[in-house]
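In what follows, a structure is listed as C-alpha cells, so that the remarks can point back to it.
Per-chain residue numbering starts at 1, and chain names A, B, C, D, E, F, G, H, I, J, K and L are given in the order in which the chains are listed.
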C-alpha cells in the first residue's frame, strides 16, 4: 500500500486543537482516507497584545486510491 | 544529583494537554519524582475527517534514587 | 520596514494557549506592534504525577519604530 | 524547467529497498517523469519480536509537464 | 481558511532570485492564490569551474479554493 | 494507553535490515509488545577497505503494561 | 569582550542582498558596532504569480559597550 | 550484540567534564558495561551573575547483558 | 511570570567554562535575575597551531521585571 | 591520536549496502586505516518508474598517519 | 563511480552568487570535475552599518579520478 | 580569498579543551593558516564507571594557498 503525505495549514480563533481539526475537516471534503496528521508548526496572529488566531502547519497522510496528481 | 530522562507517549480523545497529563500520571505510578516533561512530538489519529485522538511524545525527567535499570 | 524578533517564555496552570497569551500580553505592555508569535518549545512542570504548570518558549515579531536597544 | 516534489510512503515485508521501489512504481502509474527520490524516514512494524514490514517515507521529484494541481 | 503547501524546484542561469521567480510563475499558471514562498535549499550546477545554473527548492503556500487533490 | 520508547543498537555482518531485526529480537526476550521501531542512525565498521559489520540505532515503542522502571 | 546577538527581519522588492542591507542599515541607526550578520531564513511575498518582496531573517552580532537591556 | 542507550543528566559546581563524570559514576553503580557517552546539552545555573552549577545531558551506551526493562 | 531569553557571546583564553562565566558576569551588570544559560555554540580562535581563545554562544534567561525593550 | 573525516558518495544498481561498500573500497585504494563510516543520506535514481541506482553519502573516519592535505 | 564532497568558503563584495562563483573557480584550478555545489551557510561582514562582504559556505562534489588524499 | 574546512577528531585523557588543542596542533604540522575551529561533537570513552578519554569532532578552517587536493 502506498500513501501520500500533503502539507496543509489551518487556523482557529479558539485553540490549537481546533485549528488542526478544521484543516483536517476541509481536506476530507475531497480526499478520503486521511488517517493520521503530524503537527509541524504552531504560530499565532496577535493584535493589541492579544492572540486573535492560532495557525498550524500539519502533514496529513492518506492511502493512494486512484491517481496521484502532478 | 543525577537524573534520568525517559521517553513516553500518551493519548487522549480531548486535547493535547490531556494526552500529556495521562502519560505523566501513568508513569508516576511506578516512578517517583518526575518534575518536568518536554513535549517533543504531536500527532493525531483521524477518522472520517475528524480528529478522534491526540497523541504526544514526551521526555520525562526525574532524579535517580535507587537503581538505574538496564 | 525592519522588524525585531525577541524570545520570551510564558507559563500557565491551565493550558498551552494561555501560557502563550500571558507572555504576549506582558510583552505588549512595553512593546507595541507585536503581530505574530511562533511557539518553539513546550514543557511542563510536574508535581506528584500531575502537570501543575505549562511553560512555553515563543518568538515574537514586531516592527521597529523608534530605537533598537543594545 | 520547474519540478514538483511530493512525499510518499511505501512498505514491503522484504527490505528497505523494496519498500522504496514499490512506492516509486505505484506513483509512476499516474505521474510520468519521476527521476529521483530521497529516503527521509525508515520505520518498521514489529510483531512477536520480528520485523514484519519495512515502511519508508520518500520525496519524489518530477518535471512539471502539464498542470500543477491544487 | 485552509491552505496547502507544495514543494517545487526552479532554476535559472542568472541568479537565485530568478530561479525562485520562474518556479513561482510556472506554478501560478494552474494554481491561483500563491501568496508566499519559503526558500529551503540552494544548489548550483557547475561546468568547467563555472556556475552554469542556480537551482532552488521552495515551499509555496496558497488558499484551498475548490478541491485538494490526492 | 501509555507507551514507552527505548533506544537500542543492533549489528549484523550481513545487512542493515538484519541489524535492526537482531536488536528487535533481543529486546523482545524481556519486553513484550514492541510494535514499531524507527531507524535513527546507520554506521558501519570497516576493516581493510571492506564493511565488516553494519550497526544501527533504533527507537522501539511498546505499551506500558506493568511497571515503568527507573 | 562580550557580544550580543539580535534577530531582525528586513525586506526589499529587489533582491535578497538588499533585504539584508536594509535591515543592517536600520539597526545601525541606534546600535553601533554591528560587524557580522548570519542569514537564517529567506521567504518572499507573491502576488499574481510574481515575487513582489523578498524577506529575510538575520542574526546581527555587535560588542556590548554600555548596557544590555532587559 | 545488542546495546541500550539511556539519557541522563549530571551536574557539578566545578566544570562540564566533572558533571559528565559524576553522571557516569552514578549510573555505573547499577549498570555495568557503560563504554561510551555522548554529551548532548550543556546548561548552567546562575546566581548573582555567577555560574554556580554546570548541568549536562548525556546519552550512555552499554551492552545488554541480562534483561532490558520496561 | 514572563521571562526573556537573550543571546550573547563570551570568550576566554583559558577555558570554555570561563568564556561562559565572563559573558554571564558582563550581562549581570545591567540585567538582574539571570538564572540559567544554555551553551549553544563552541568555537575557538587558532594561531600558529595553538588555540588562543575559546568563544561561546549562550542563551541567557531572566524574569521580566520592569520593561521589555524594543 | 588525531583522525580525519571525509565525505564521499557511492552508488550501486543493487542495494544501499553495496553503494556504501563500493565507496569504502574505492577510498581504501589510497587511504589506509578507514575504520568506520556513517551513512548520512540515501537517494535513488529512477527511470520509467523503477529505481535504477541507489546513491549514498557517507562520512569515513581514519587515523591521520603522515600528512593532512590542504 | 565514487565522488568526494569538500567544504569551502568564498566571499565577494558584490553578491551571494559571486561569492559562490569565486569559491568554485578557485577550487577548479586544482580539482577537475566539480559538477555541483550546495550552499550551506550565508553570512556577511558589516562595517559602519553597511554590508561590505558576503561570505558563503559551500559543499562541492566531484568524481574521484586518481587518488583521494588523507 | 577562498578557505577550506576539514573535519577532524581529537582526544585527551584530561579535558575537552585539550582534545581540541591536540587535534589543532597535529593538523598544523602539515596545514598552515588554520585560524578557527568549531566544536561539533563531544563524546567520551568510559571504563569501569570512569571517563578515561574525551573525544571531540571539530571543523577547522584555513585559507587555500597552493592547491586543494582531491
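Convention: contacts are C-beta pairs under 8 Å (C-beta built on N, C-alpha and C of every residue); 3 or more make two chains touch, one makes a residue touch a chain.
The model shown is predicted, which means the values in this text are computed figures rather than measured ones.
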Counterpart interface for K-L, drawn from J-L, G-K or D-J and sharing over half of its contact pairs: J-L
Rotation angle superposing chain J onto its copy chain L by C-alpha atoms, nearest 5 degrees: 120
Whole-Å gap between the CA centroids of chain G and chain I: 21
Averaged-CA centre spacing for the pair chain K and chain C, given as whole angstrom: 39
In chain H, residues with contacts to at least two other chains: 4, 6-7, 15-16, 27, 29, 64, 67-69
All touching chain pairs, where touch follows the definition stated at the start: A-B, A-C, A-D, A-E, B-C, B-F, B-H, C-G, C-I, D-E, D-F, D-J, E-G, E-K, F-H, F-J, G-I, G-K, H-I, H-L, I-L, J-K, J-L, K-L
Residue numbers on chain G that touch chain K, as the complex places them: 15-17, 20-21, 24-25, 27-29, 34-39, 60
Touching residues on chain B, where the partner in the complex is chain H: 1-6, 59, 61, 64, 67-70
Sites on chain K touched by chain G in the complex: 15-16, 41-51, 54
Chain F residues within the chain H interface of the complex: 4, 6-11, 22-23, 26-27, 29-31, 57, 62, 64-69
